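I'd like to ask you about the structure that follows.
By written order: A, B and C. Residues from 1 in each chain.
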Amino acid sequence: MQIKKLLPLAAAAALVPAVGFAQDAAVDMTPPNEEIGYIFTTFMFLVTGFLVMWMGAGFSMLEAGLVRSKNVTMQLLKNIALFSIAALMYYLVGYNLMYPGDGWTITNVLGAFSATTLEPVGVAGADTDLTYASVGSDFFFQLMFCATTASIVSGTLAERIKLWPFLIFTVVLTGLIYPIQASWKWGGGFLDANFGFLDFAGSTVVHSVGGWAALAGALVLGPRIGKYTKDGRVNAFPGSNLTLATLGTFILWLGWFGFNGGSQLYMDTAGNVADISRIFANTNTGAAGGAIAALIATQLLYKKVDLTMVLNGALAGLVSVTAEPLTPSLGAATLIGAVGGVLVVFVVPMLDKLKIDDVVGAIPVHLFAGIWGTIAVVLTNPDATLGGQLISIVIVGAFVFTVSLVIWLALKAFMGIRVSEEDEVMGLDRSELGMEAYPEFTNS
Amino acid sequence: MQIKKLLPLAAAAALVPAVGFAQDAAVDMTPPNEEIGYIFTTFMFLVTGFLVMWMGAGFSMLEAGLVRSKNVTMQLLKNIALFSIAALMYYLVGYNLMYPGDGWTITNVLGAFSATTLEPVGVAGADTDLTYASVGSDFFFQLMFCATTASIVSGTLAERIKLWPFLIFTVVLTGLIYPIQASWKWGGGFLDANFGFLDFAGSTVVHSVGGWAALAGALVLGPRIGKYTKDGRVNAFPGSNLTLATLGTFILWLGWFGFNGGSQLYMDTAGNVADISRIFANTNTGAAGGAIAALIATQLLYKKVDLTMVLNGALAGLVSVTAEPLTPSLGAATLIGAVGGVLVVFVVPMLDKLKIDDVVGAIPVHLFAGIWGTIAVVLTNPDATLGGQLISIVIVGAFVFTVSLVIWLALKAFMGIRVSEEDEVMGLDRSELGMEAYPEFTNS
Amino acid sequence: MQIKKLLPLAAAAALVPAVGFAQDAAVDMTPPNEEIGYIFTTFMFLVTGFLVMWMGAGFSMLEAGLVRSKNVTMQLLKNIALFSIAALMYYLVGYNLMYPGDGWTITNVLGAFSATTLEPVGVAGADTDLTYASVGSDFFFQLMFCATTASIVSGTLAERIKLWPFLIFTVVLTGLIYPIQASWKWGGGFLDANFGFLDFAGSTVVHSVGGWAALAGALVLGPRIGKYTKDGRVNAFPGSNLTLATLGTFILWLGWFGFNGGSQLYMDTAGNVADISRIFANTNTGAAGGAIAALIATQLLYKKVDLTMVLNGALAGLVSVTAEPLTPSLGAATLIGAVGGVLVVFVVPMLDKLKIDDVVGAIPVHLFAGIWGTIAVVLTNPDATLGGQLISIVIVGAFVFTVSLVIWLALKAFMGIRVSEEDEVMGLDRSELGMEAYPEFTNS
């Protein structure tokens, strides 16, 4: 193939005389039959699902790069452990709780508790309880969203939380908190049925949920020693490895194509795959808008560009277009992302003023940009209402923040969630794990 | 698309009245014709193949992270070189040796020697010697399994083996040892035809083979200087970069979806793509089971969680479900993986007692978990027999170990395989390559 | 599925009696209808597009690994910024400029200026201005090629160029230079229409373009302080992190399957997907050939293998097969790649003799191997003429080099492009950004 593209107008003129494909005997735009559509959609879930799985590596690298070297091993351990816990809890409880079908125990609010089974297989070898894709592929794809939510929390609470309380919180978050609130929208619950809430890929359902859980944890846990001085200064604790943080950002950017693209949920027609394409393009430009906005904003505000702000700006851009990656034009997606990027630049110092110590900036990126993105749906999607979006943001936020707060407080009361002062100064790697991430390099 | 999933029971009820898809006039579950199936399966090979290719990067990062900084450059070099050698040898000899078709020179034991050609092209542009997928895609996919086998060896023998003898061994492994034994199962040879051996994606055919070759090398090579003291103590040589090791593990985890999923070999029907979906889900949960098992086991045994054990636990979980990723339920796959994770925790110190110095833990992960996974097939797949699995494990092991041992001994005799004591203490990077991986950082 | 492959000859004999698939009633090799083909091709663009996007991470890691630690943050920042700028400029100007369709303002030389829109949607939900794939997927895929071109430049000019002039150049490169010259071939312009120029995936159109722009910049910018001494010695400035450089190479290798494979542009028939498979296999073997050739060449020339040469050898192998990844046999692709790998080993010292300071070796890899690969098309593709290839190389080179030179000189005159001597010695991270990549590790 040598010319990369037909001259589009000429080609369209030749092939689509007046009224479009379907009228043209030479071009057969009949949608595929259900079996072919089933294969397309299922394979799409697997491909986009592995991209979202890859985001687990992205969060690990981002967080390991933004903490100090004395806490890197612990941060890595938490990330691989939370990903594994999400896999188990979503299988044991979460998936069926999130998609109750006819199995609501409280109608449209709480589903039933049961473990996932991927059998049995029906006619033509297909699963019987979904007609457009295999249950296994849907489970695989949805699981990765649950894991993403947990990944968001670990960054905020880094460098001072004990391992086991964090893992216990992860069990509750991935087994109960995430699936219950997700059922309200994606399982056909009351936010979807009664409030007309629109959240395409989860600015609220995934990202703000992680953000609220992290915020509750940060308030209970308190800031790191030395972060905020008595005379009101904020000490910067620079990340130990910015190449890792950048790698993590690129991984997340890549994974987000799966996150948003796969949320189309169907790839069985030309229309659906064209929609997925628009989503890919908008997701990319949203990230670019966020990165460039943060680049310019930090140059203007601080006279120096700040790489970590640019990285978080890209991520905030991604979160911002996640609630509606399909209806915006490329230009609108860029601007929606750019607002997210600017938000980060202003919210990071604001949190510091409130002495809320968010080690990697997950709250600005996932909570604030998540709220912004959810509201921004009304700008391009006429089906969304400002009221429906706002009430849903509030309901989800109140639920997740309250339940998380209770759990963090309970964990604090029963087992303690914070390492000792001595251990925190020494670093969690040596004190909790007896293992350093870079044993030959650190100057300390 | 706003609701992420139809309410499954309701939807199924509406669309599948009583007897399933095929009976329902509205739902056309006719499998695609052969050409469409060919496109599906071929593209599936390409996608899963590039995921397995990516495992080459995973092994590189894992190994570079687990060796000491003075040997990192060498470890990276070996990994990129072995991947390149595998590409050449599998093309020149391996592929046709592994799939003899009618070209066995010794029936069902040894195939014919010839280079791979991807031409000619038949009717409709398709290759003529496969009917369900393009030969190029099959070659690409299978090549990556050959490369994986070689990657396993390099980790065990790190920090003391010379470059060129290692590369020569790689030539033999990828050109002869791997393809010959793989032909016995996947080429339709005697293990497949006469012993009913089942190994879906290669717990034995790939992973244990790498493990046996590594074990033979470790015995001939001996442990690193200072690893085992005369008074019986074992010195820990901590890995120099645990972020890399974690990144490597995530890469391998991701790549494994391709490794196991692509081994379904067909994606031309709803049934096949549903099977691939189950394989993805089981592969993920097997890894999670292995990681959590190692997490809990190290906490219980050592009162401290060990990150490298958790990483190797995840990998052992992956190896364990590789022989049969399709038939287990999610719960069974989790448990099979968990046993693999526990195995690692016990085998690592056992090897140290035997003074077998396996730098990255490849023998527990790939050999022991590979054997376990091959045996575990009988737990969920009624077509497998314990006898058939065991005899095949033994035959493959005896062949690979013996041939590898002979080659390592020959290399030792003719050119020496171990660097001098002085060079080993200085590190291979400076002594063999004159180049450091982190020239500005090391404190030494 | 247990046997990995049907015995091919036997199977082919059984199913394809004499004249091939189409004659066999049992095998229906009818190409899919246009809608199914549209879905296949569109999804192929998305998958190969995200692989090419991933190359942005590859360049970042490669370059961050090959610069000294004092300039790493800046290198990361430039890479994420240029990727974002490419996204914006290609949307605002580039895409429509590159594919003018009927909208040439100077026939076959200059297209029209307008922003990309992905709407409107036609019959059956498909875009109306392409008939074989969605415009969104094509835009997404092509954008990534534009970004790749910009990535090439940043490596050469590292460690001494100011941030903002570099970004301004990136704006011009991605918005104007790249799309204008790309339209000459891939938009159906005069190189394609009048000179019969063949460049399948862009050895010239992408890689040499990046190389020429980098060369012009290197000449205007001058070498780094201390690189070349007055008495003619060349000081080596070793890369600070070879694991990152290796990771970057693996990422690029992976991404290249998308780069070359997606350039087939169609996946709607068995023939097209079989072609993509051949391209994947050839791309892999080209890289392997380049790596092994550089391995052997450095061993022979310097008696020690040089890892960075091997990495650049693999990349040069990839660039070399990019102009024609389809027609070569596996053996020919290996040899074409190997020549690229050897080229690198000889061109790197040659540039040093000319005192052209190319920090990461981008000029040998992308410019020299790009020219070689473009010429090598005539070896395997009978449609190519040596004259057509050479004149196209010269025209593209003259255009890009001249325009780039003028812009670099203008930037130098108006705002200065090089940091002060003091800042360069201190490192761009501290002087320009006030931020270190590894604040806890560097010994300096």
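One rule holds in what follows: a contact is a pair of C-beta atoms (placed from the backbone, for glycine too) under 8 Å apart; a residue touches a chain by one contact, two chains touch by 3 or more.
A quick note: this is a predicted structure, and the numbers were derived from the prediction, not measured.
Chains compared, subunit A against subunit C: the Cα-based superposition rotates one onto the other by 120 degrees, nearest 5.
Where the sister copies subunit B and subunit C meet, the same residue numbers recur on both sides for under half of the interface positions. Subunit B and subunit C have Cα centroids separated by 30 Å.
Looking at subunit A, residues 32, 36, 47, 241, 247, 275, 438, 441, 443 sit in touch with two or more other chains. Remark: subunit B residues 1-12, 15-16, 19-23, 27-32, 36, 40, 44, 47, 51, 68-69, 238-243, 246-247, 249-251, 253-254, 257, 261, 267-278, 280-281, 284-285, 287-289, 291-292, 295, 304-308, 310-311, 314, 329-331, 334, 438, 441-444 touch subunit A in the complex. Listed in rising order, the residues of subunit C touching subunit A in the complex are 32-36, 38-39, 42-43, 45-47, 49-50, 53-54, 56-57, 60-61, 64-65, 72-73, 76-77, 79-81, 83-85, 87-88, 91, 99-103, 115-119, 121-132, 134-140, 142-143, 163, 185-188, 192, 198-200, 241, 244, 247, 263-266, 275, 432-441, 443.
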